[in-house]
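Look for chain A in each of the two complexes below; its partner is chain B in the first and chain C in the second.
Let's turn to the complex of A and B:
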């Protein structure tokens, strides 16, 4: 039980994973409530060429991922406004283009070995810079989410009514997407391009099953993410499986376990379908 | 004694973007304690007028003076019923209109929200999930939100849609009480018979057809101009009604 904790690489992996889990779990609640799961996955895939270019150039991955996310966001904004192109189509076109470009670069002769770590992550070998970036992300999320809470809650509840209250739904959307992009850029290094979305969506979906208030939902999502992270790392240690994939599977397993316990959609639960009595 | 109007519109034309005007020639006043029913077919401009009163649409022509804060009470099916939020949290959202962006409703706002929920008869339901409430209760929570906003005018968009008779009666009493306290009420509605019980009516169908006390304004030519062929005589002398139409907002 405690043996993995004596290994320095596991200690670092646990610290990195816990930080990513805290940030991803909390932020993920808003991603799920704003139905941005597809956007989260798209952002992760879109920054793949940036990661590959950074790996080829031998610079920190963060420096490659950040401009790639900005470029993808701008391309999505432009593509979505083309006549006859909807938002979904715009996102799909940009994401496949960016991901395809990343694969082309990854398969080029100049590409260094170990590019698969960009796809599947390297949660077991975080650098000092990775851990520092994850800690900064936790700080950013811990400061930003409480500040934005009122706006996010009201806008997600009813966008038109939020506008009538003098709030700007575009501001809430933009703030959330910026946070999501920052979190993706940081987390993708540990959890990989293909699996990073799991830490944003899975724990929040689990928490949504178990709670009917946003405050407890955020706390439960963060706890579920940390628990799944630890379980995944332990699985990886003892079974010799890939770290990021093991964490993703643990997240899915906890979600499946939460289904029978779910409050939502059950007659006996506190969240029975709407339509009570007038009093 | 005639009081200073809360809202005054004259020769008002409204529209979206560069498109043609949705409604023109709108002129009316709303005074404290007055209940104004906004009648018209779907697409006739009712919701557009409500948006202009909220400050979301500028006047294309004419003038619109809104001297007090207006609170929106939308149809509750536009809110997300699966959202993890309590009735108290929804009511407290009204305070956001006067808070800077980095602040969330604090203890004072929650206390105000509790009082507002008590005012609408829902003091026991503050911790109930919004989506678990009945349609009438949800509508009253949204009224509480407007009260927390300190709105002197409540803009209600077909608030009686989908309510059963007891819920509708309770809501009508609440609206009358709020008017008696000095609130101005503007309600978009299709219910002619209910509109006859209100203080004044404003009939629109792409332009203003009539405005005034229902007894004077709601004659057959006005109703025909407002609704076209969608007016039916109710059997047994039950008055006239508007044929149900599909929901469509402008």
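Let's turn to the complex of A and C:
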């Protein structure tokens, strides 16, 4: 039971996983409520041109990746406001274009090898930098979410009412997307793309089945994420299954377990973003 | 290239038509994910030895059914459900690939397909998808439209609604997976979503929207393919950029012309799209100039062919330094080079199996020579399944195999161009002399190191041949597999750490073309060094110490001798 805890590499993996689970679980609740799962899944691909440019220019990769993904987040926010387009289509347009651009840039002979490998982190070998960045992300989320809470909640419940109150829904959308973008930059290097989606969507969707109030939902999601992270790493340690995939499977399993407890068929009265209460 | 064009033009029908439904019904995430979710199906097909499209389609249908089952009554959470079912499929695929089959199939191959490697089966599949889309949307289009505007209302029963939804989702699953091998999951959106979204900006009536989408897919696909040939870029990424650019232009135009009549906006958008189509300019230069045209797949084979061929041979080397051969996407110039080539030298053993299709697609009558087939020293391969290699493909790390390959290259070049026979033979003799000297030097270097200290731990199992030739014991690998795409488990890492401590291993050796994170973690915990980097699958770039085959082997020997001896011994050889 405690054997994995005695191994330094497992201690580091657990620290990294727990930090990202806390940030991902909490932020994930807003991702789920704002129906941003597609963005969470795909934003990582839009890092690519930034990584390539940074590598060619010889500046730290994070300095290239961050502007690229923030630009993508803002572009998604703008594109989704076009009539008839919608957010999912906005994500598709922005991400495919950014990724295509990255592939073309990477053809430059100055582009160093293996830039793409940066999109596939490994939870079993976090570097000191990865852990420091994850801790910084937890701080950022812990500061930003309470600050934005009112605006996110108001916009999430009823856009028109929020506008009437003088709160700009566009601001809430953009702020959330930018926060998600920052989290993606950090998380993708430690977790890899597959786990990023899992951590940012799974625990929050699980929590949503257990409670319909936002405060408890954030707490439950963070707890579920931490639990799933530990369970996955233990599974990988004892059963010998691939590290990242085991955590992802644990997250999906917890979601499936939460389904029977869900408020299924009673959609009315549940928290939802776009149209206030569902009917 | 013609087949790529035919494929794009056929695909325009299902992509354009389904695109409008995808945009209208908010299915962009679904259409993107259903292709990616095919991954476990591909792994199973590879591991058990059945046709890949079958596996992909089966996995996509499971994904669709999973979405339908979990998404019922959760309209507001549909995108979370898509994400979670996707995560489940991918995680299952990774575990199957890493822990069950040790398979070569990997997620990245799904991100890219290639329009340069279209075969007749792909075109047939695209045609089936086109016909199925036309038929089903002619039958169900009106209903889908009604549902799109009012999910609950209309004179349809709940069962009918489900059937209609299932038909649409199933059709998208069929069309996207049928075209996966040629378009890849990322391009799926640039064909199936972006053009329809663009068309939506200038038309609102369903029929004209659908027509405009189909035309736009065809135009953007053609333009992208043409540009990619002109600039020698991968067609998928080029089409994605063209589609994104057209969308942006149309959106900007729409904003500018917000008050102008609709018709003029459409006309302007179309002309701008055409202008973009025409504006791309580039030039491609092929140099044949009487020299023997040869294609080499890997960096080391390219090096040998240049050494033996000298000025009498024009070599096109497909893989570039530091790219992982397990993970490669062809470019138009590769196909063009294969078309002109007299000889194509390949590594064999599935390391470069894409070359068969490049050669057959280019319509070339070049002779394809599998150098790995005739080398003297062979180690067993390890993957399972029908397509797996019988032998470990990293044979070039044994200099005796390299010598055999160089002799074979000289023989084949001489047969193809008898007028330069003497040059080829004397170049080969000179090279073999240097190779023999290097081999003897490496052997005497390792002789300084006590046998008990020659214990090798690397990123992935690429050094079996080198180890056997020079009496090195391969203790373990971070990725316990000959492919670079498997993922280690915590148990593997823990066992490897125990082994390193028990055996007193002094260094782990990351490979230059792979991420070294897990190797670093192991080094950190065991106190072994991870500072010595090996050249495994490819040569290094031109200014590195592994730029040629001889330099690579010398650099690897130096790194290992230093690592085994804690930096006390060295092996400075000048190849």
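We take it that the second predicted complex is superposed on the first by the 196 of 279 C-alpha atoms of A that agree within 3 Å, B and C clash if a C-alpha of one lies under 4 Å from a C-alpha of the other, contacts with A are read in each partner's own complex, and residues count from 1 in each chain.
Methods note: contacts are C-beta pairs under 8 Å (C-beta built on N, C-alpha and C of every residue); 3 or more make two chains touch, one makes a residue touch a chain.
Here the structure is a predicted model, which is why all the values come from computation and not from measurement.
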Quiz item: Is A:208 in contact with chain B, with chain C, with both, or with neither (first, second, both, neither)?
Solution: both
Exercise. Spot which of chain B and chain C makes contact with more residues of chain A, would you?
Key: C
Exercise. State whether A:13 touches chain B only (first), chain C only (second), both chains, or neither.
Key: second
Practice problem: Determine, under the contact definition given at the top, whether A:91 touches first (chain B), second (chain C), both, or neither. | Solution: second
Self-check item: Touching partner for A:140 - first (chain B), second (chain C), both, neither
Solution: neither
Practice problem: Once the structures are superposed on A, label A:231 by its partner contacts, choosing first (chain B), second (chain C), both or neither. | Solution: neither
Quiz prompt | Overlap of chain C and chain B interfaces on chain A (superposed complexes) | solution = 208, 264, 270, 272, 274, 278
Quiz item: Along chain C, where are the residues that touch chain A in the complex?
Solution: 23, 26-29, 32-33, 70, 73-77, 79-84, 86-88, 90-92, 94-95, 98-99, 107-108, 112, 186-187, 189-190, 193-194, 197, 200-201, 204, 233-234, 236-241, 243-245, 247-248, 251, 254, 321-324, 331, 486-494, 497, 512-515, 517-522, 524-525, 541
Practice problem: Give every residue of chain B touching chain A within the complex, in rising order. | Solution: 54, 56, 71-72, 74, 78-86, 89-90, 93-94, 96-97, 99, 101-105, 121-122, 124-125, 129-137, 142, 145, 149, 164, 166-167, 170
Quiz item: Tell me, which parts of chain A touch chain C in their complex?
Solution: 4, 7-10, 12-13, 32, 35-38, 40-42, 45, 79, 82, 84-86, 88-89, 91-104, 107, 112-114, 116-118, 120-122, 124-127, 194, 197-198, 201-202, 204-205, 208, 233, 236-246, 248-249, 251-252, 255, 259, 264-265, 267, 270, 272-274, 278
Exercise. Would you mind writing out the residues of chain A in touch with chain B in their complex?
Key: 33, 146-151, 153-154, 156-158, 160-167, 171, 208, 211-214, 217, 264, 270-272, 274-279
